[in-house]
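Pasting the structures here.
Next come two complexes built around subunit A: one with subunit B, the other with subunit C.
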Partner chain A sequence: MNSPKSDLPNYKYVGTRSIRPDGVDKVTGRAQFGADVSLPNMVHGQVLRSTIAHGRIRSINIDKAMAVDGVLAIITAADMPDIERRMVPLGEQQADIRDVADNVMARDKVLYHGQPVAAIAATSLAAGAQALELIEVDYEPLPVVIDLDAAQADNATLLHDEQITMTMAGPVENPVPTNVAFYMPLAKGDVAAGFEQADVIVENSFETATVHQGYIEPHATLVDAQIDGRTRVWTSTQGPFLFRTLIAGVLDISVSELQVIPTEIGGGFGGKLSVYLEPLAVVLSRRCSRPVKMVMSREDVLRASGPASASRIWVKIGARYDGTLVAIQAKLEFEAGAFKGSPVVPAVMTMFASYKMEHLLLEGYDVVVNKPKASAYRAPGAPQAAFAGEALLDELALKLNMDPIDLRLKNAVDEGDRAVYGPAFGPIGLKQALQAVKSHSWYDAPLAANQGRGMAVGFWFNVGMQSSASVRINEDGAVTVVTGSVDVGGSRASMALFAAEELGVPPEKIQALVGNTKTIGYCDTTGGSRTTFATGLAVVEASRKAVIELRNRAAMTWELDVEQVSWQNGQAIDLSGSNPPLALAEITAKAGHTGGPVGGDAQINAPHAGPGFGVQLCDVEVDPETGYTKILRYLVVQDVGKAIHPSYVEGQLQGGAVQGIGMSLNEEYLYNADGVLDDPGFLDYRVPVASDVPMIETHLIEVPHPPHPYGVRGVGETPIVPPMAAVTSAISHAIGKRVTQVPMSPPRLLSLIDGD
Partner chain B sequence: MSEMIYSVPASLTEAVQQLAVPGAALLAGGTDLLIQLRGGRPVPPNLVDLKKIPELQLIEIGPDSIRIGAGVTGIQITDHAELTSLMPGFVEGVGLIGSTQVQGRATPIGNLCNGSPAADSVPAMIAADAVCEIIGREGSRELPVGDFLTGPGRHCLKVGEFVVALRFPRPRTNQSDAYLRFIPRTEMDLAVAGAAVNLILKNTDSGPIVADAKVVIGGVAPTALTVDDAAQALIGTSLDDAALLAAGAASTAAARPISDKRGTAQYRKKIVAVLTRRAAQVAFDRAAQQLHGSND
Partner chain C sequence: MAKNHVTASINGQQVDYLCDSTESLLTVLRDQLGMTGTKEGCGTGDCGACSVICDGELICSCLMLGVEATGSKIETIEGVADSDGLHPLQQKFLELAGLQCGICTPGIIVAAKALLARNSDPTEKEVRYWLAGNLCRCTGYDKIIRSVLAAAAQMRGEEIAVAGELTV
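Let's turn to the complex of A and B:
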């Protein structure tokens, strides 16, 4: 375990592009996603959602709805436990379980349009839909707190009467009720003194819109609450164990009563780390003693799940003429939605993590507004922060008449440098990535009229945390690998490659599966870019235990000491040379006579995840008469540690870049003055379609991360961090004006060009 | 729960009978209808599928006219070489609807009857003087496409009537058309604004000039609008910059757009001028090429 292979050895299977194990099921339609699971006697659950964005619930009358033929149960918050406010750990973050419960089902107040106020179980969808219309909710409407300004105005309407501003160290001094839930300062040196040393100072204010993760598969669950108290929950989730914690917390039951079975998942991007339907389905299933299936519509998904925070970030940078950054100050305001907990903390921590700096003051504010509660979205908070920070660095480079990459190289962190948020970096590839972009042929390619080029840097911490893996070798020598990590980005292929390399068995003889909360040990969520790193570590450890066992069995067969047996290329080797090699299948075929089944298990807590740095380059062409932006070329360069399955790694880089391009150009929640979303569908909430982007070119830099035996560092989140700054800098250069707002949709860009 | 009868008539007579039920709906490609049903549109008591009536599946190109049946899909049109060379603007409008997959099911006549102000195939139909052939219990009638639509989602069909075919006058050799629309993406989107221009050129000593023109804009009013002032601005010119600017300004002046989630009224007024100019130029170049070709 403690033998880092930092000299980049030639692996036999790791680093190959093996066939993806989920591919056939997905292209033939056989894969079972959340809504595909059914049980005999199943009934259908549906949700009644708030028709106003802010108000008190005076009363809910279900009498008429209960009378509808086919309706078996109707529940409101009164049917759910009135739980205490307490924080529960959620892997890399934590959540106030009372807020989770209120988000799942409104109690007393509704805080956003679309928040559930009642749920129904009926024998048909049609009966349920008819009954939903007969539930009478009497609201006392309150003023809608629609954005950061409304939330922070003097005499602002409060969403939560008791809420005060907290910090890492407890409440602020003299706290008063407020919509500002959290204040996060990050200070270093003396920022005022720093600006005095500056030859050049730039500042600007940047805005981003509320955006959605845009996973294709809507939330869906099937719950079977059995009469013996055990409850099975099938659901589309990034974290079955996390969901177990959340459902148990909301319903005030023990986690062991629940068996959470993750289905195949059609995208998550952080958005499937929150429970919405599951606790309701559990209560409904208990009420009617039938399995209950609940599926969100796309409209429900957009109105009431996700999204990612809108933000406003003011930032000021001071530098010397030679490009040395001397002082940075910023104020980051993030919309949390209806409940506290926007990702403003990681936004503050990541914003300038790529640079060395003596004087810095970054202040983050977590602000509640009458919109759905913000959920994690791929590198939560970092894209918004990087948009402001990197776009202003681009402006600084212009002002200094300096190449933007040279400006970054001048200040970039390297091994041994301390991140602004604390720890010192190990080996990292930021400078290599910057050099790779600078030496790419596109960097000097000529641009025509109305074309522009932009680049930006991105950073994400990545995490490790807890994982479990089980490696079982069948009698025929084929291998089953089970982990508790849901596969959103190709982890089954990577887990198979780790086991293949360790056992010396080709990956096609290894089947990697995702277990559930009763069939495999605890696993933290698939998130934080942790799975290939941490769960991969568990698979390596479990495989190594299996190899020791295989050597033992061979030693027993040969009547040798185990030290005289080595394991090479999938076979036991007698180091004394007296016996011919014994293949894995020969050992496992006789396992019943030599001590029983062969395998290995590992439960680990992986510390010291390797941070991820990436650099992206974008060329655009702007139509000055329509404001349309065409992405001409797009390059993603990233330090990926070690690419276990390069195709999946490239896919992560491309996917993150495309999501960031979407946020840059068209993706945007459009709320009316009443706090009602006007674009709850993929027609008007415009994620990029395939023809909107060129082939995203990727370039992998592999600086191994020493604490991992294969040098793995997380790769999935970093690529969504730079695009907004890269794309808008390119547009800015094309039109000769700085873009400070995203999405830079065609109407907005034409207004900017025309100076309306 | 509401029930629906699904009928598959084999002839026009059968279809007319089955459509006589109040609230009955037609199914051609279904690419609008199925989404509307999913979105809460009341389930029709009778759904009449037109795809099995043989005479509705035809594209007929005659010496004087072109006829397209109600069951003809977008792909049948975009794959049709002769139609593409005769009416490239109409065909490109059809080719912009939805995506390739959608076009495999969707029909231009369905696009017309759905009545969206942003329908991509409609402006070029009007610009080409297309006529709707309508059938109903009381017999057949005809109506120019330009008079067919009365508002968003509304048209002149009476209960039990449906459009059997579109008939276009066959374009002359010195005639061509173009359609351009603006969307924020490259496909799978609805036009923020669109413009179809249909031009007839004539040769003069100093080169081709516009003998006749028709300009129709979409997405900027409750229905597609024919802009006579824009056409007049083009007629008699060789499409110089002044003529193009005047035509664009005429489109802007005629547009009566709303501000909505797809764009502000001001934005739509601006880009409809751009689209008019650009479409006029494309149509002119196409017609000029034909004129040139016919002289060879």
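Let's turn to the complex of A and C:
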């Protein structure tokens, strides 16, 4: 089933590098992002944030602040509904709507430094800022639970007095209040018996830091709440329909009162699946009967929007001398931040999904601490898990004196194998990707002193879920495609290519747009690497309906049965040969006389998303004097199913890899003992810059995913999974010591080299 | 607070505006003049999304006060294309997918324009170091660098480098 590339269908438009429909707006500065939209009579909202990381709110006094000239409204949790606990879908995960509400505005207790405690609307930012300083909050400080150890210590201070440990099957036995919110075991076979069969056993413990998605556009929203209850919300979001659900849930109103209009989005990576400002702006806009705009500062973004979980993972692997894996055991502890729901569940499920094995016990723990609530970040949980699992496999290969790719090939899953978490895989390209790296010229390139090479495998499930699309054909034959999927990385180009291929119309005649919650049917979020797969499927279905309609109109014109009319290259063909072809524009020009406008709509729930496997190779050079690690070469190979627009597929691979390089070498939240973030800016929280990285070589493997008409599988998340293991294994080989902690910043590397 | 009356040239047009002494040029551009093509990513000069050219120098407009622009010639992303069409940089960013979300793109195109004004034939390394003050979180920089090199080549009248042909 693993078709070589030459067997793939020969498409006319799909697979070409067309110009993206939104491109000109974005290179000329015309594209409207969250902070770029304004309305007449608009005022400015701002947030007062907690100055301590843990404590009870005794009182909040707004009297002095309200007296400031220009202040129109001040709200606290007392002005927001006290809602019940209830789980709602949050992208690829779930969220407790009560937690969402408390994260948007603290009620009774503050759980992290920077949590909102009040919000203000004023006619100018200056007046609002002046008033914020006059709001008096009286806190009763509580001990700060700063990390996994503090949270799980005997007699640990509890963040949530009522919280007990839950599992997939309900509460644990004899539950007691705890900071451990969730326990997730994944077991197969008999792990103790498995280790007895092992010839070689390796084990180690790995730590990752809290990191941020680092989108360049801060959160921003503009809300216009009308007197009759209709409320329009412009916002930078990965999911307008999800935000509609969350805002309605937090404010206890009907979703239909809200029209959520997604602006262009300046990066998300999972971090724009959570509401922060929007419910506050709705309440403020209602209070002052004027549109309210709220924009986070970069400091607010880093202090109080979704970072990715810090983790500690202990793992032990047993293998035979020939490299066959026989037993694996691991304990994964993830910081959830202030509210339950770290991605430890997908971490457990993905950690060894790439390999066959008999005996396995992986145990995940979701632990709350006094830090901002962790949000999804590109393949949530998988990068941390792969760091530990793949780095230890690298150690195993060393111990077995075996090539690390051969070790993976020996154990890699293939079509028909069951994933450790249950389902059987369809056609997948993991082995091809491994072979492609092994046969790449870089794999045998000579290395000099202080240089090292590392490779790692990554896996992500990808998802399908609900999507809607509308295809409209204009009188002149040009086409408008509308979906409800926010376009973060060029997906409109892919939507245009699907419609182009189906309709036989060149992509430049297709305008692909993103609708809002009142102009297009429901769409799940842009997350889970689902947009090109699932929303693409909706566009294909909608286009096919339009083609049927076009054939009907031609049949009507020719007075033939529709079965006698085919659609090829953008024109209707009379199969009997009695009539010359009828071009699209000729049909639509007369549409008013043949039954009205032509188009097609599709609303789908796409099942069977195609899993994504990738392999990355990294060469580094370390400077033993400074501890600086230079990336010499970086190769990303991935089974992408079918690259609809290869440039944007390559871009996903390159961007994901460089985010992972940042996690590996630089990026890290630095908290002081009071739970205050010491690096809330891009100067100190240092994401990779252009001079930090080389060109990122990509190689696309295309193993079509059968349930999708074009073979698409999700692409965007898998590439962030392997980098931490690939980079740190390369460093480990360069210095002759195993790296078990990231980021491997220069001081940390010097300390490791020096052995303290 | 009394406002300051400022006269400056923005994209070749004389512009008058009133601003507080504390307002940045970025705030003036975006909130007073409605020129939202210049973006704010950090407000502290660390991300380069607000890059503009002031009297020939590339600057972060978040670090310059609106009043300091008195008598200056400011060039923003809105002035990069003209009525004849897109600038070669803009064209190459489109052709070579030098953007994903696009929030950093205005700043990067302005910064790259400033580079090419002083160095018409930069090496890959020179482009990387020149753009080191412009953060992009989506692309991993690869296609941005290729776009700039290709635009430079086109502006020199040379054959255009094709994606994939550059080596590390």
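Keep this in mind: the second predicted complex is superposed on the first by the 748 of 756 C-alpha atoms of A that agree within 3 Å, B and C clash if a C-alpha of one lies under 4 Å from a C-alpha of the other, contacts with A are read in each partner's own complex, and residues count from 1 in each chain.
What we mean here is this: a residue touches a chain if its C-beta (ideal position, glycine included) is under 8 Å from a C-beta of that chain, and two chains touch if they have at least 3 such contacts.
This structure is a prediction, so every number in the text was calculated from the model and none was measured.
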Across subunit A, the partner (subunit B or subunit C) reaching more residues is C
(request) Figure out whether A:Glu278 sits in contact with subunit B (first) or subunit C (second), or with both, or with neither. (result) neither
Request  = Go through the superposed model and pick first if A:Val689 touches only subunit B, second if only subunit C, both, or neither.
outcome  = both
**Request:** Once the structures are superposed on A, label A:Glu717 by its partner contacts, choosing first (subunit B), second (subunit C), both or neither.
**Result:** neither
For A:Gly489, select first, second, both or neither according to whether it touches subunit B, subunit C, the two together, or no partner. second
**Asked** Does the superposition put A:Asp679 against subunit B (first), subunit C (second), both, or neither?
**Response** first
Which of the two partners, first being subunit B and second being subunit C, lies in contact with A:Asp366: first, second, both, or neither?
neither
Contacts of subunit A common to subunit B and subunit C in the A-superposed view 126, 683, 688-689, 691-692
Given the complex, residues on subunit C that touch subunit A span 20, 22, 30, 35-44, 46-47, 49, 76-78, 80-81, 86, 89-90, 93-97, 99-106, 109, 124-125, 127-129, 131-146, 163, 166-168
Listed in rising order, subunit A residues that touch subunit B in their complex are 124, 126-127, 625-628, 665-666, 670, 678-679, 683-684, 686, 688-689, 691-692, 745-747, 750-751, 754, 756
Listed in rising order, subunit B residues that touch subunit A in their complex are 1-2, 99, 182, 184-190, 192, 261-264, 266-267, 270-271, 274
Per the touch rule above, subunit A residues touching subunit C in the complex are 17, 19-20, 22-24, 26-33, 35-36, 126, 213-218, 264-269, 297-298, 488-490, 632-633, 645, 647-648, 650-651, 654-659, 681-683, 687-697
